[in-house]
Amino acid sequence: MLSNRLPARHSARLPSIAAIAVAAFLLPGGASAQEIDTGDTAWMLTSTALVLFMTLPGLALFYAGLVHTRNVMSVLMHVVAIACVASVLWFIFGYGLAFGEGNAWIGSLDRAFLRGMTTESVVEKMPESVFFMYQMTFAIITPCLIVGAYVERIRFSAVLVFNALWLLIVYFPVAHWVWGAGGWLFGEGPRAEGGIRDFAGGLVVHTTAGVSAIVMAVLLRNRHGFPQEIKPPHMPGLAVMGAAMLWVGWFGFNAGSALASGQGAGMAMTATHLAAATASLVWMGIEWMRHGKASVVGIVTGTIAGLATVTPASGFIGPMGGFLIGIAAGVVCYFVTQFVKQRLRIDDSLDVFAVHGAGGMLGVLLTSFLASPTFQGLGFAENMTAASHFVVQLKGVVIVAAWSAVATWVLVKVTQALVGLRVSKEEEYEGLDITAHGERAYDL
Amino acid sequence: MLSNRLPARHSARLPSIAAIAVAAFLLPGGASAQEIDTGDTAWMLTSTALVLFMTLPGLALFYAGLVHTRNVMSVLMHVVAIACVASVLWFIFGYGLAFGEGNAWIGSLDRAFLRGMTTESVVEKMPESVFFMYQMTFAIITPCLIVGAYVERIRFSAVLVFNALWLLIVYFPVAHWVWGAGGWLFGEGPRAEGGIRDFAGGLVVHTTAGVSAIVMAVLLRNRHGFPQEIKPPHMPGLAVMGAAMLWVGWFGFNAGSALASGQGAGMAMTATHLAAATASLVWMGIEWMRHGKASVVGIVTGTIAGLATVTPASGFIGPMGGFLIGIAAGVVCYFVTQFVKQRLRIDDSLDVFAVHGAGGMLGVLLTSFLASPTFQGLGFAENMTAASHFVVQLKGVVIVAAWSAVATWVLVKVTQALVGLRVSKEEEYEGLDITAHGERAYDL
Amino acid sequence: MLSNRLPARHSARLPSIAAIAVAAFLLPGGASAQEIDTGDTAWMLTSTALVLFMTLPGLALFYAGLVHTRNVMSVLMHVVAIACVASVLWFIFGYGLAFGEGNAWIGSLDRAFLRGMTTESVVEKMPESVFFMYQMTFAIITPCLIVGAYVERIRFSAVLVFNALWLLIVYFPVAHWVWGAGGWLFGEGPRAEGGIRDFAGGLVVHTTAGVSAIVMAVLLRNRHGFPQEIKPPHMPGLAVMGAAMLWVGWFGFNAGSALASGQGAGMAMTATHLAAATASLVWMGIEWMRHGKASVVGIVTGTIAGLATVTPASGFIGPMGGFLIGIAAGVVCYFVTQFVKQRLRIDDSLDVFAVHGAGGMLGVLLTSFLASPTFQGLGFAENMTAASHFVVQLKGVVIVAAWSAVATWVLVKVTQALVGLRVSKEEEYEGLDITAHGERAYDL
Amino acid sequence: MKLITAIVKPHKLDEVREALTSAGVQGMTVTEVKGFGRQKGHTEIYRGAEYIVDFRPKVKIEVVVDDGVADRVIQAIRDSAHTGQIGDGKIFIADVADAIRIRTGESGPEAL
Amino acid sequence: MKLITAIVKPHKLDEVREALTSAGVQGMTVTEVKGFGRQKGHTEIYRGAEYIVDFRPKVKIEVVVDDGVADRVIQAIRDSAHTGQIGDGKIFIADVADAIRIRTGESGPEAL
Amino acid sequence: MKLITAIVKPHKLDEVREALTSAGVQGMTVTEVKGFGRQKGHTEIYRGAEYIVDFRPKVKIEVVVDDGVADRVIQAIRDSAHTGQIGDGKIFIADVADAIRIRTGESGPEAL
């Protein structure tokens, strides 16, 4: 049975449809007499484009702007290549492993190469092809987020090997656990009784990526000269451009996760936007207080922190919840960046853990409280309270974080053994653009 | 009663729906049994993303490309920060003040913090959350347009204070006057008798921003060395990139203002596009005649002029109207840029008045004629002719321009008293990027 | 009778709708009682924005990043100006010539200036205005593709004259032949018996542009110093940015060509994406094998090759077909770039023929095989086999390529006679930015 | 002949150029440089960390002149580049053995 | 030793470099500069205003050579950078007291 | 006074600057340059073609010092810029006739 990634409330509101959709995937070949809704499909086609846009060019530019001139092309290459690898793997077996009918731990290979998908296959009220594509864009962006941890020093072959393995061992399974119909986190008790809530990927996307990022950074060790010799971003305007694209694209990420063009999408978009705007202003305010001025990279880092943090909650909360998450995200993520870099001296170069890991986990936990109608939230499943739900969420955070950390540790070691991790010191000084890709970013 | 921002003709075509929508907001808590249309909702979700995209990154890049290297980050900061402030204010009270049921002058605070919006609230055939978000993107872009008037010399704290006040005193009220159901301009006589026509913001967006821009520029005074020492754009390609994004996003701005996925949207998109393309070529032609060559910044300035000018008309005219507006926009806006900068010697640095103010007002006036079926227009309300409608439009232009000018004058003075307006001469030479934000745009 | 650009299979699936749509255009003034579908319309409005986005800023940036610093503005200018000219011509007579009821060779002028289009006109299930706009975006991008062949040496007036003529003599007719209801290629035998299949423009867009590009390059002759003195791209990151935008926009191009929000769109998007990702990796692999490293410009060139190649096939094939096309595109387009530049020594500067021409023709031919259910394809019309269909496709390729070549040859000569083709050697060294447009791309 | 090298504030370039042409100089060569000196640098912020950037943007103007006009040229630069604030820059004077105009092959003062 | 400084048109850089290596030069240092001279600048357009840009992009090639080969090197530059059109540029010759190779510590002509 | 010109690897700039200030130097001027020398260039790839780029990014440090401290300064540069690998760069020493501080009009060693 192929999961439909319906968060509890959502499916509660659409029981009959869920039933039909599920039925569809029990039919041989996925055939179904179910009708699609052209409006829902239009929004999901658009959301797919928006989420791809987040990665390419959004995230690629965001990261490329933050590194030094001599590593710009390498960052772009990492993002483009990982996106391609993830797309092909998703087609070959990823989709089936994540959403195919399997057991509590993993889907199945029955859907490998999209076997059984025809022009009649329907998921929710959209063509299965659209569902496939939409979910693929999440499998694309997640490993790309980790790029920020290892820029400016990693071997390109290590990027390819690590990420292919990571998708297999971390992303596809965790997506199945949390979003797959039979997944053990998703399925802990029927949804109506309050399974874990991760609307658009606080766990599946941001926790996995953020935790893996910091483990990777530790194992790969710091860039030479970190932190004294590390210079500020070579072109912060590129990062702003990328952040703006991420913001716009995130509407597809969160509002698209409603899987329909309706109230759920509208509310998710509202909460998402308010969290982003609020976190931006909070980050700006903190910088102003601490440095006497506020930077542009700062404000947009706040934006991304707000967006990452609201992600798991966006389908369960109201506008006020978005606003409050924005405040929490701005404060927490800011101080985690300081803690990781200045205290722990870990060169998670572009702060993937601080922004996505901390943000994602924070958001998952806050979902328990902010879903409460007190904060305009959409409420809890029967028998659940904010407190009891917090336990469920916390459990999810611990499990996913632990799995991501352990698996990444092993995969980095495997990658090191297979192709080596780091470039030489000379190559690092020369820059990866020329040494690894034979290109220079600027010839003005 | 919450307004639905229905231009006269539009509502005339959809009387029953308007009635239902209006009814919805009379119910306590905004609850309604009305159904949404998934197709309309999909287009409005998309349009919301498109209009946000216009500001971030579109407008930010457009403006950033036109300034000097040392002020690039500051321009990006202005746009991002204003966008965030506008979003939060819109949530806190802006939405209610603009669209809430109040009197002829202002909405109400009943909808502050989106009180009363539930997942059942419907406006037109979309969730109220989508309507809220869509209208918010207009409140975001309007103050950001003014940025072009004061770049390279303003204090960042002045930007924040001025724009927060400006939204409160200019934007929210004017939006209510023109688009609010009970607004005095909107409501001057029942719509069917021909209230003012401003489809997507010729008055509410472009006239307010453009007029405020020139008043601000006068009060702030010129940049040091203006006009002799002022150099051409530091990276015109960025401006082209931004202009292209504005063009694409404007489809959401104008075609989205139909508030539905149908004939109104299609026609508005067509007129919008033809105006943009035509104005571009006209501007190019004028430059070619005057300088013997045509510049790229020129052609895309023509694009923006065409888009701003067609904005108020786009829902009332046909393709031929768009084409004719393009011609008028190219000629008029070109010569206004010359007049303001070379005759009046006013340093409205990025020509906000010439392009948006002049364009917006021109478009509002031309709407009276081009709505005529002679030009493929959609016609007039009963009892109205092009001439009688021109009077209505002219009145609107005068009132909105006057209010914007007076209010801006006062607000600039208030801002000056509170936090000061200009940076020091040394900071101006050094550039705002380093002095105000601690960043450099390029470290190549 | 206005064609609906329905590929054979598509129309076969929707006979009644096609009938209604066709009927609509026989009514005086295009009036029709047919209803639009808001979901389909939403997707087509979105697709229109996406395809415009491909050109502006996508293609403009892709090309601008690949040239030298001194010609950046000129490339942007070419793309913007051609887009505007194409838009206005499409309005004046292009739409009618391509889609109006005419003979087998050309449409008609009856629809000049969009005469007869009202807010009631419907095509398929969308407003005619949306159909007009969507098809216009194809007329915009096609001549812009050719820009890559003549950068860095052409006179701007030649760009304008050549492209206006080219639209008239090549694009509008070929669009009519292939997509117009009465077009001789389209209509060769009733569709059900297997007319030519070009879903989204392998012939109409890529073959015309690619073949014309190489003819233009030959006639214009190489840049001075080609190939020894030609330097690598001045800012490959811009090209990556543009390529990413093209990728995202291509979802509108191919999935939008289904003209509806449904299964056809979803499948086309899936095949398109898989072809892009796969071709990227193949190109990367070839570079790695040949040079010991892979470049970023290389991988994204592979992306574009994959996208161009899958274009004609995207509505007829399944995911596996997309994957296989990706492999073919990566290999073939790579080696054609080598052949054209290194063997033939033709300075098709940005490889328009190799990527679009070769890719487009390859895709048209492969459509015959990959439409087979063996490869998850959607099958053939009655009486048709892969082999018999291959003959039809091959004929189409030969005819369109030949017409494009001959017509371009003549038009280049005409342009040369009217305004001259090339700038002087001094201007070429100085760069077109300053000499032709009075601008410099960077003043850092 | 003398090579006069002036390192000045970027926004003074136009003034200096005009002063030089008024002083009869027919050609000069300008380079964007980064200066380190008594004028302290500035602080940049990046995600909570502050970076001291010691170098400030400066412009280097090189002009080769005949010995006779050197003093006039030096004076012209001093006057036009002067603001009185730290960081105004330096002028260095060095000897040049010969100058050649590539176009004509002229050498010595005629080549300037 | 002599420091030979040549200011030439940007598109001539490759030719000059080749001529210099043919003339036995083993190293050189190149800077992108802006030149002001007899060759007039160009006009830029920005929204109806015309800006005169007096400076033109040039390339400065600095090469330190032993006295004995100076003339040959100068000749090589002259020949390769020459187009005969205004703006071809200048060559300046100055004395260098010493040169040191950082890697080895060698000094004098051996360091070149 | 002496003009000491050092061409070094870009990532050595900070170290050299620190060494110079330790050696008592109060000011210097830095230019980004492209170096050609024994250290060979690199290969760039563009759509199947390989381009040899002969020039490598280098940094040129110019510092004018009083004759007395020249040797100390040269030594400081040598030590701090040294990696022992080809391409470490050169130091050139030339005479400077005079130096002037624009702000104050001081000249000679006081101006430094």
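We call the chains A, B, C, D, E and F, going by the order they appear; numbering starts again at 1 in every chain.
Rule of thumb we're sticking to: a contact is a pair of C-beta atoms (placed from the backbone, for glycine too) under 8 Å apart; a residue touches a chain by one contact, two chains touch by 3 or more.
Computed from a predicted model, the values in this text were never measured in an experiment.
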Worksheet entry | Set of chains adjacent to chain D and to chain E | B, F
Worksheet, complete the sentence: Contacts shared by chain C with chain F include exactly A, E
Discussion item. Rounded to a whole Å, what is the gap between the Cα centroids of chain A and chain E?
Written reply: 53
Worksheet entry | Mean-CA-position distance for chain F and chain A (Å) | 46
Worksheet entry | Centre-to-centre distance between chain F and chain D (centres being mean Cα positions), rounded to whole Å | 18
Item to complete: Among the residues of chain B, pick out those that touch two or more other chains and give their numbers.
Response: 37-40, 42-43, 46, 231-233, 261, 291, 293, 295, 297, 437-440, 442, 444
Discussion item. Give the residues of chain F touching no fewer than two other chains, as numbers and ranges.
Written reply: 31, 43-46, 50, 85, 94-95
Worksheet, complete the sentence: One finds touching chains in the pairs A-B, A-C, A-D, A-F, B-C, B-D, B-E, C-E, C-F, D-E, D-F, E-F
Worksheet item: Okay, in this complex, where on chain D does chain E touch?
Response: 3, 17, 26-31, 64, 94-103, 105, 111-112
Practice prompt. Sort out for me which residues of chain C touch chain B in the complex.
Written response: 36-43, 45-46, 48-49, 52-53, 56-57, 60-61, 64, 72-73, 76-77, 80-81, 83-85, 87-88, 91, 113-114, 117, 119-120, 126-130, 132-133, 136, 156, 238, 261, 436-444
Discussion item. Help me check something: in the complex, which residues belonging to chain E touch chain C?
Written reply: 9, 11, 14, 42-46, 50, 53, 85
Worksheet item: In their shared complex, at which residues does chain A touch chain D?
Response: 227, 231-233, 287, 290-291, 293, 295, 297-298, 301, 334, 337-338, 341-342, 351
Practice prompt. Write out the stretch or stretches of chain E touching chain D in their complex.
Written response: 2, 6-8, 31-38, 54-55, 58, 60, 74, 77-78, 81-95
